[in-house]
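Could you have a look at this structure, given as structure tokens, before my questions?
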Amino acid sequence: MERARLVLRSVAPFLVALPVLWFVQGSLASYTSFVAINIAVNVILAVSLNVVNGFTGQFSIGHAAFMAVGAYTAALVTTGLESLAIPGVPAAVSGQAVFLVALAVGMLAASVAGLVVGIPTLRLRGDYLAIVTLGFGEIIRVIIENTRVLGQATGISGLPACTNVVWAGMGVVLTVVMARRLLQSTQGRALLAIREDEVAAEAMGVDTVGWKVRAFVISAAFAGLAGALLVHKIQLVTPRMFTFVKSMEVVVMVVLGGMGSITGSIVAAAVLTIALETLQAADQYRMVIFSMLLIVLMLTRPSGLFGTREIWDVLPRWRRRRAPGEAP
Amino acid sequence: MRAVRAMALLAASLALAACQGKKAEGDAPAKSAAAPAADKILVGHVGSMTGSEATFGQSTDQGIKLAIEQWNAKGGVKGKPITLRTYDSQGKPEEAAVAATRLVVNDKVNLLLGEVASSRSLAMAPVADGNGTPMITPSSTNPRVTKDKDKVRPFVFRVCFIDPFQGTVMAKFARNDRKIEKVAILRDVGNDYSMGLADYFLAKFKELGGTVVDDQSYKAGDQDFKAQLTAIKNKNPQAVYVPGYYTDVALIARQARELGMKQPLLGGDGWDSAKLFEIGGKAIEGSFYSNHYSPDDPSPRIQEFVKAYKARFGVVPDGLAAQGYDAAMVGFDAMNRAADGSGAAIRDAIGATKDYPGVTGIITIDANHDAVKPAVVLEVKDGKSVFITTVAP
Amino acid sequence: MSGTGQPVLEARGVVMRFGGLTALSGFDLTLHSGELVGLIGPNGAGKTTAFNALTGVYAPTEGDVEVAGRRVNGMRPHQICELGVARTFQNVRLFKELSAFDNVRIACHAGSRSGFTSAWMLTPTHDAEERRIAARAEEFLSVMELSPRRDELARNLPYGEQRRLEIARALATGPKVLCLDEPAAGMNASEKVALLELIRRVRDQFQLAILVIEHDMRLVMGVSERMLVLDHGVTIAQGAPEAVRQDPKVIEAYLGDGKLRLRPPREAGTGVP
Amino acid sequence: MTEFLQHVVNGVSLGTIYALIALGYTMVYGVLKLINFAHGDVYMVAAFSGFYIATGLGVRDDPTVGKAVAVFLGSMVVAGALGWAIERFAYRPLRNRPRLATLITAIGVSFLLEYGFQLPSLQAQGRSLEEVLRGWGWTVPGWFDALVTALPSTFPPGPTPRFFPEPFTRVDWTVLGGVHISNYDVVSFLVAFAFMLGLQWIVYRTRFGMAMRAVSFDPRVAGLMGIPVNRVISTTFVLGSVLAAVAALLVAGSRPRIDPIMGLMPGLKAFVAAVFGGIGNVPGAMLGGLVLGLAEEMVAGYTVSSFRDGIAFAILILVLLVRPEGLLGRVTVEKV
């Protein structure tokens, strides 16, 4: 009985999310669902980067590279196995199964990349580590541009359109559940300890190097998931999707949401994605307004939307704090 | 804090004003309009209006605007005025796909135009196909844009060359007309257009018995190309093929001359801009490039376009503006001929385009949905492009 | 005094050099279970350096450090911590943005064996582990009389409580040896006495060996069985408190005029970098 | 041998660009510990101010020394003012906040300048700015009116690249039997070197430099000691921006293509160079720039040029793994 309860608790978010997403999927117009998928991808990216930048306090500005690794690997799997049909199963189902495998392989490949990047954390900190992650991003891009199998600058087109709101939504649920449970576990607290004080964490028995590398691996795996989901929506993967600018966009989302705040990352990713979409109406002024928005948001909420806290911690505090007339 | 508030206010009012300004201009219907009114024709354009390739996107957009204004002055297509809605792709494939979806599904455009880069057109093509909206790309040259694996994409067309054709044209010209034996290549490694041209050039040039002595690459936006040029210079080729955009080629030409290289440079239609001569100056003299048309072509069709464009936007049109103009023109011409306003009818009409007198050549759409038109080879002389020869497809 | 059996912590001829500066030379220490030893000396004498060498923050330039008979030179601090050496810091280093409870729970981490996967899947093992850790953390908080402050952020605690929280955190790692770096710094006399009482009680309750760095000689003398005096990185005296107090070298180096009072600090910058 | 020497000349010339920008980066970082992502865009704005001034003076047809001086001074003033404004309005309000908050406003400012300069000029839109603003219901203050009329009619420049006229005549020399070098290469290198020495002198030999170091060490304590922290930081920003202006004009003079995103890649590379040399260290920025330039040049010249950036970054990462504090950075041991 107790066991069944525990199992149920473990899978509950997925059980709840799946039917809801099916329902949402059916009711969304294709443009709205495209935007929703975009938001989902950005949420996965922001929350996963938060594991490194927010929880662990390291500074990675090469998240797009992990995305690229996951996206390309998954693309190779789906295009390679496209003709393969599992006998006795309808084509649609077998296609979904292949996609699931592709996502898993993409995450795995990305996590290997995360391991490679995580290792320099042995010796490097702060801005020096940032340069390594940035450099790694460039190296990945250069490798892709020089590899014929990966289509060089053109990339791989004609990918199956597997990603829909259900897949993307489940990706978000998986990522958020991962981050949340991580944060509430002793493993996650080890990461927080590293962020707060590396020397003290080490002295308290936290294997700081090991946990930093692990944080990179986890973060990379989910970035890979985001990449794989994105490219199977637009049915194309090219190196241009994974530039330095993309990495910076994710950093912006994390900082804007508040370092270490999961709900902050979610809200920031959604707000920024929707803002960019809405601002299409502003023509050439679009990015000018967007950048002003960025500056203003940061100036008014310097610790991010929710600081290191979650949305439910912050909402009542606002009310309490405003009362004594303290400047926000 | 006061500064912050002032900025917030400024940003908000900018946003508001931009939306209002749009409405005031009257070239876009209210945002919530589910379907275009039957008495109007709505054209969607996805272009990189901001970002590192904004110059190409904005040129194309202006070309399209000019085409629309000219048609509207004549009374529109079948008596209906045309309006344009442009969405920005920021140079990103994923944004191009979202923008295309929004235009096709929400705004229900009758015709989709865009993108410059093949990587972004490739992201838009499934959207056009999936929703049965005809799409014409002005300048995406990768064969896969109109052809997915072996299957021709039913709703996607182009009015430009494809990479194999243009690469081959220049290889033939270099080998047969100029009798060049040793050539070096300098390509933009991050640009699929440049990569495509270089690959086909290389194959054809070798096939014709020439040798490619060096194959170097650069990245768009680089400031310095001397490393590659020094290496090329040492191999002593008779010409250097640089199938990039004018933005980089102008600097490459300058730096080649600074290193004492006297060989002519060879290029493709990406060179087509007055800026090439302005920035390249004397360095670009004596180089050759393939193009759709010669801006010096005395034919009134071309001269009128150049004049009208200059009057409207204050600058000489570049190749991308001309292609944007042609893409729109071919589209409107087809709509005018189409049996009705449905996507399929317009699609069929575009596919049936034959000998359309565009600015960038006499355009015929073939079974692969590609434009068949002869290429011209131009030489740069006294800061102008001079017609050398025509190469038929 | 339990001076027999295997020492839990032993240092033999430890030398620490930073560039040309020798911060510690020929440092010997033997610590048995249940002992409370004071490490004293004027500012910059090398006390904290000795701590850092023992706990793995620095690898000793020469000499050996053994924990329960196992050589730990060159091991990383977390490995040494797992072997049973815990410490506090001279300038309190808590996890400031986390609650007191979390601070202690992190230290319980050393014994945790369940991995990431079980945390994500919320397996029963993980659950049990978390419960065990929480219970342990509560216990140490209550030992250090911090239970009411459980959910307070560490940075919001008053100074004295921060010091106590640091000890609770160190205890939570399950040490055999506890190294306290000036635990009573900045406290007034009555607070100091209370704290030392608490330390002694902790030692008895958990059967620990405790090494205390302290400025205030009188204070340490009251509680420690044995003392070690450092000056300029050299051990100038050790033994029972009374004997040390009478040692002329100590009086010369430390006490100056023979009264129990702190000499003005030496010129800054003679200690560790 | 000639080829190798040519590569060295090219590499040093490229490295000089990075070094010139990196010097400004490192100054600001040294004082504020802030990665000023907008530095590359100040460089861009400086290039465009130079362009507008040069166009106004007719430098292209008739370059004279007087005009060159005017172009340099004018664009240094504009860049300095911009640097001051950025610090005052985007960074100072966040001075005591998390360091990353400032990074994001820096990115915001960078975007604002890049995209702002990509807007088509009002002239091309056939409207004046005042009309636009009045259309939004704003009253235009007099000073704003004056400012707008003072702006060139082709402002903002839009995304199309512009030709930058040479501020002083280019001379190419052929030395050592076939190595090509120009006076711009020589002048740029000498200027960079002089700046390095000058900055080093300012930082270590002047009262202002002492104040800078104090602020760098701890702004709060420096303030308590009576150092005007805000003024020191402002001045540092102005100084860094002026350096960027000189770099921009020297680069644009010899590579005469300027566009609104011209600062992005050089800015990024300069940041890398500054970190590589040991960020906050003035000679380190110079050395880092030169090493990066030479590394890129040699990789492109002797291996596969399409791997240029990749291999250059790989070298960088390897060097950083061996020397985690950069080439000339001081190893800091955290006091425990």
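Chains here go by letter, A, B, C and D, matching the order in which they are written, and residues are numbered from 1 within each.
Please note the rule applied: contacts are C-beta pairs under 8 Å (C-beta built on N, C-alpha and C of every residue); 3 or more make two chains touch, one makes a residue touch a chain.
Treat the numbers as computed from the prediction; the structure is a model and nothing was measured.
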item: Labels of chains that are neighbours to subunit C and to subunit D; value: A
item: Per-chain Cα centre nearest the global Cα centre, belonging to chain; value: A
item: Subunit A-subunit D separation of Cα centroids, rounded to whole Å; value: 33
item: Between subunit B and subunit C, centroid-to-centroid distance (C-alpha), Å; value: 71
item: Gap in Å, rounded to a whole number, between the CA centres of subunit C and subunit A; value: 41
item: Residues of subunit D engaged with two or more neighbouring chains; value: 93, 115, 118, 120, 306, 308-309, 336
item: Overlap residues in subunit C, where contacts from two or more other chains coincide; value: 57, 89
item: Residues of subunit B whose C-beta touches two or more other chains; value: 1, 4, 7, 50-51, 189
item: Residue numbers on subunit C that touch subunit A, as the complex places them; value: 55, 57, 76-79, 81-82, 86-87, 89, 93-98, 102, 105-110, 112, 114-116, 119-124, 126-127, 129-130, 133, 169-170, 172-173
item: Of all residues in subunit B, those that touch subunit D in their complex; value: 1, 3-4, 7, 13, 16-17, 20-21, 24, 50-52, 54-55, 57-59, 189, 216-219, 221-224, 226-228, 230-231, 234, 247, 250-251, 254-255, 258-260, 275, 278-279, 313-315
item: Of subunit D, residues touching subunit B in the complex; value: 3, 6-7, 10-11, 13-14, 17, 89, 93, 115, 118, 120, 123-124, 132, 135-136, 138, 158-161, 163, 172, 174, 178, 180, 182, 251, 255-257, 259, 261-262, 264-266, 296-302, 305-306, 308-309
item: In the complex, subunit A residues that touch subunit D; value: 59, 120, 123-125, 127-128, 130-132, 134-136, 138-139, 141-143, 145-146, 199, 244, 248, 251-252, 255-256, 259, 284-288, 290-292, 294-295, 298-299, 302-304
item: In the complex, subunit A residues that touch subunit B; value: 29-31, 34-35, 38, 145-146, 152-155, 157-158, 161, 230, 233-236, 238-241, 277, 279-289, 292-293, 295-296, 299-300, 327
